[in-house]
Amino acid sequence: MQDIKRLQKHPKAECILSEPVWFQWVLIGVAVGFVIIFLIAPLLMVFGQALAKGWGAYWEAIREPDSFKAIQLTLLTAAISVPLNLIFGVVAAWLIAKFDFWGKNFLLTLIDLPFAISPIISGLIFVLLFGMQGLLGPWLSQYNIKIVFAVPGIILATVFVTFPFVARELIPVMQSLGSEEEEAALVLGANGWQTFFKVTLPNIKWGLLYGVILCNARAMGEFGAVSVVSGHIRGQTNTIPLQVEILYNEYNFTAAFAVASLLAFLALVTLIVKHVVEWKSGRHLSGTLH
Amino acid sequence: MSIKVEHIMKKFGSFQALNDVSLEIPSGELVALLGPSGSGKTTLLRIIAGLEQPDSGKISFHGEDATGQSVSQRQVGFVFQHYALFRNMTVFENVAFGLRVKPRRERLPETEIRAKVHQLLKLVQMEWYADRYPSQLSGGQRQRIALARALAVEPKVLLLDEPFGALDAKVRKELRRWIRQLHDEIHITSIFVTHDQEEALEVADRVVVMNNGRIEQIGTPEEVYEHPANLFVYQFLGDINLFQGRVDGNRIKVGNSEVAFPGLVGAAIPEDKTAIAYARPHELEVYGESQGENAIEAEVRHIRAIGPTVRLELRRRDNGGYLEAEMTKERFHELKVKVGERVFVELRNLKVFVEDYQI
Amino acid sequence: MRKSKNILPGFGPSLGYTVTYISLVLLIPLAMVFLKTFTMSWESFWKTVTDPRVLASYRLSFTASFAGAALNGIFGLLLAWVLVRYRFPGQKIIDALLDLPFAMPTAVAGISLTTLYSANGWFGQHLERIGIKVAYTPLGIVVALTFIGLPFVVRTIQPVLQDLDKEYEEAAASLGASRWQTFSRVIFPALVPSWLTGFTLAFARALGEYGSVVFISGNMPMRTEIAPLLIRTKLEQFDYTGATAIALVMMIISFILLLIINLLQSWNRRRLAQP
């Protein structure tokens, strides 16, 4: 409590530049209380409920075949959508941070768009595009290709929802780095790929790591969009969050929370990575992880 | 390697950064591009390097057209204003970068690269810092590394963008002298950009004075200082005093004194027209007593006697205008004036410019 | 297309790739909402989106989102202030935890909050005793929306507050302002653009939220049914056009909010750009 210590030495002189000590503690108390009620309690609740019947029941719930299948499908979804959006994020960030062109701001707004759209609508659009009543549905069914209410739809919706994350994280990092180092590399005779891999990539690696982790957390945890396009077929088209919903609605609370705790744990890992990245790169990351 | 720049035009949006710039630099010269910010000097340097493309015009190196060549084909060494050292690489790796990214058949064996980097680090007196990262170096040290890195690829020309701009005053002076020496040693055609006239005049073989995207004058430091082509060059290179007067032949009447001016730059002035004459502070001769009719009477308002020269702030008795005079300490002691005393000023080497510049 | 020619490589390919990817993943699917709506007549569109049940869901979505964003506006400002200006034990952990709603899947948050506030939950049982019901009421929706919008205000204000030079406060104090005057006339005005940005972000996010609300709301038509849920319900009844019409209205509102956010942010940048 630097402020408070200082205050105690010169109580009167400092009051004008800071608040009285008792008032500081009141503010801190209210703020911390708010965080406990709205953040810490829900977090503890997840783990508390998951382990309410002991570790044995916890393992049982996770190893249950349908839940296990859901975990597999979630991993598959993330394994496809995260690399796609990683490549997109890097390319888009390079484009936006390094070049000035007409329509740049519009492009930036488009990249932000999935943040602004309700997850339900994000799912709906794929039903409209690929569903039986949709634009391409009848044509696809001729070839027996099923996209919505099947795994491809889940992956598509996830790609849509998570596509801003890497780009959004990298753009400010690259913009603040400027282009001088890249120019220096080119003057020294490096080609484009050498410049990117030897100069740009090492400079953005921490931001990139965080973007990927965040993208991954969202890809694994997306609920609304996926729930619209999934067929809710147990053991086939259920991801972890959908499995959580099913278990919860069946009043199988311990199992629901056990499976949910995997995602909560992933969220905690994401927060830790963010912290480490901020510490490593010595700066605050942008808060735009909507 | 000589450099020839012909009729370069460059616009950024609606801003005309370079307007029909032509310039020829003989092999082995050290040239300064001098001008205020926004004068286009950095843009010109970047166009020569190939970091920007001109809208029109031609660049040739040693008689060979280089306009269409990419930055890596031009084989120039470029030292960036903020050095642009690769922050994820050590000093050694920075200097070796240009050698290591060459295509395999042109690349030196690793042992030779090592030897060459060490030789360069020795040249810039940084051999003990090979394993440091740029963030662990001072500004002056980074500057030297940036220079070593640029020299590693054996460029035909060396381009430096505000090479001393980000350094504090003392380091600046040292590095200035050092760059001059280095150039005398390796004789590579070099261009550096600066907005500091003292730096340009002291270091360069030739100075190119730029303003508003145009070249105002090209010449040796003596030429541009002693024989400025126009008012802009004159006022950019040092402090000045203004005298409004009526021109009559090659004499100008300032107040009630008439002065001959040897240097009328530009075309003749129509007779009986008012004009403004200029003199630098050290070109004002200050006397304690009247030396004849041609002196201007003034009062001493302030004396600044720091360093080898003394500056007097004077107020003209006739029209209340302020003048600044500079003299040696010896002359000041001879004069024995105090604040509030009356002095007489004689003008030497007055310059009258024809163009209608505004200051 | 390119304004200044930049010598860095890859402009063409990266522009091509970005535009293609955005078109395939984003624009074509989104265009479907408009295409589908155009198959409706104006009358049936109007009838769908002004149906009492739909209007009730809009009203609920708006008021609950506004309440959640307002709560976050107040407590977010307080949290940012406390985290930037004071030092206290556990501060780092609290700061790190603030991002939890970004990282935690909404479904997980939903079941956890519902359990907390249900009649025999940690909070619910005590609130029940004093006659406050949270779970399965509009109040529960506000709680969920407060949770998911919590980081926005804090994270937009924090950097601005951090960069706010102490000199301004010292200047105000030296001119005789009291602490409260300094805060209300010097500090708070500097925070207003980012505060409004954070509020609007939280509001926009809350409007579209589904996962955390669906568990705690109870989903009773006309009472606790939010607009995204109604879209979902219509879809399950295979009323695709009806769902799309409601979605279109929500999307237009989202775009307007996005526009407001962009304007606020450019206002903020201009404010921060002062010498």
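All chains are identified by letter, namely A, B and C, in their written order; residue positions are counted from 1 within each chain.
FYI, a contact is a pair of C-beta atoms (placed from the backbone, for glycine too) under 8 Å apart; a residue touches a chain by one contact, two chains touch by 3 or more.
The structure displayed is predicted, hence computed values, not measured ones.
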item: Chain-level touch network, classified as line, ring, star, complete or other; value: complete
item: Chain whose average C-alpha position is farthest from subunit C's own; value: B
item: Whole-Å gap between the CA centroids of subunit A and subunit C; value: 15
item: Centre-to-centre distance between subunit C and subunit B (centres being mean Cα positions), rounded to whole Å; value: 55
item: Subunit A-subunit B separation of Cα centroids, rounded to whole Å; value: 53
item: Set of subunit B residues in contact with two or more other chains; value: 50-51, 70-71
item: Of all residues in subunit A, the ones touching two or more other chains; value: 183, 186, 191
item: Multi-partner residues of subunit C (at least 2 other chains); value: 3-4, 7
item: Complex contact set, residues of subunit B against subunit A; value: 49-51, 70-72, 75-78, 80, 82, 84-88, 97-98, 101-102, 149-150, 152-153
item: Touching residues on subunit C, where the partner in the complex is subunit A; value: 1-4, 6-11, 14-15, 17-19, 21-22, 25-30, 32-33, 35-36, 75, 78-79, 81-83, 85-88, 90, 94, 96-109, 111-113, 115-116, 122-123, 143, 146-147, 150-152, 155-156, 158-159, 162, 166, 169-170, 173, 178-179, 201, 204-205, 207-211, 215, 227-229, 231-232, 235, 238, 240, 243-244, 247, 250-251, 254-255, 257-258, 262
item: Complex contact set, residues of subunit C against subunit B; value: 3-5, 7
item: Interface residues, subunit A side, partner subunit B - complex; value: 180-181, 183-191, 194, 198-199, 202-203
item: Touch list for subunit A against partner subunit C, complex; value: 1-4, 15-19, 24, 27-28, 30-32, 34-35, 37-43, 45-46, 49, 88, 91-92, 94-95, 98-103, 107, 109-121, 124-129, 131, 133-135, 159-160, 163, 179, 182-183, 186, 191-192, 195, 214, 217, 220-224, 227-228, 240-242, 244-245, 248, 253, 256-257, 260, 263-264, 266-268, 270-272, 274-275, 284, 287, 289-290
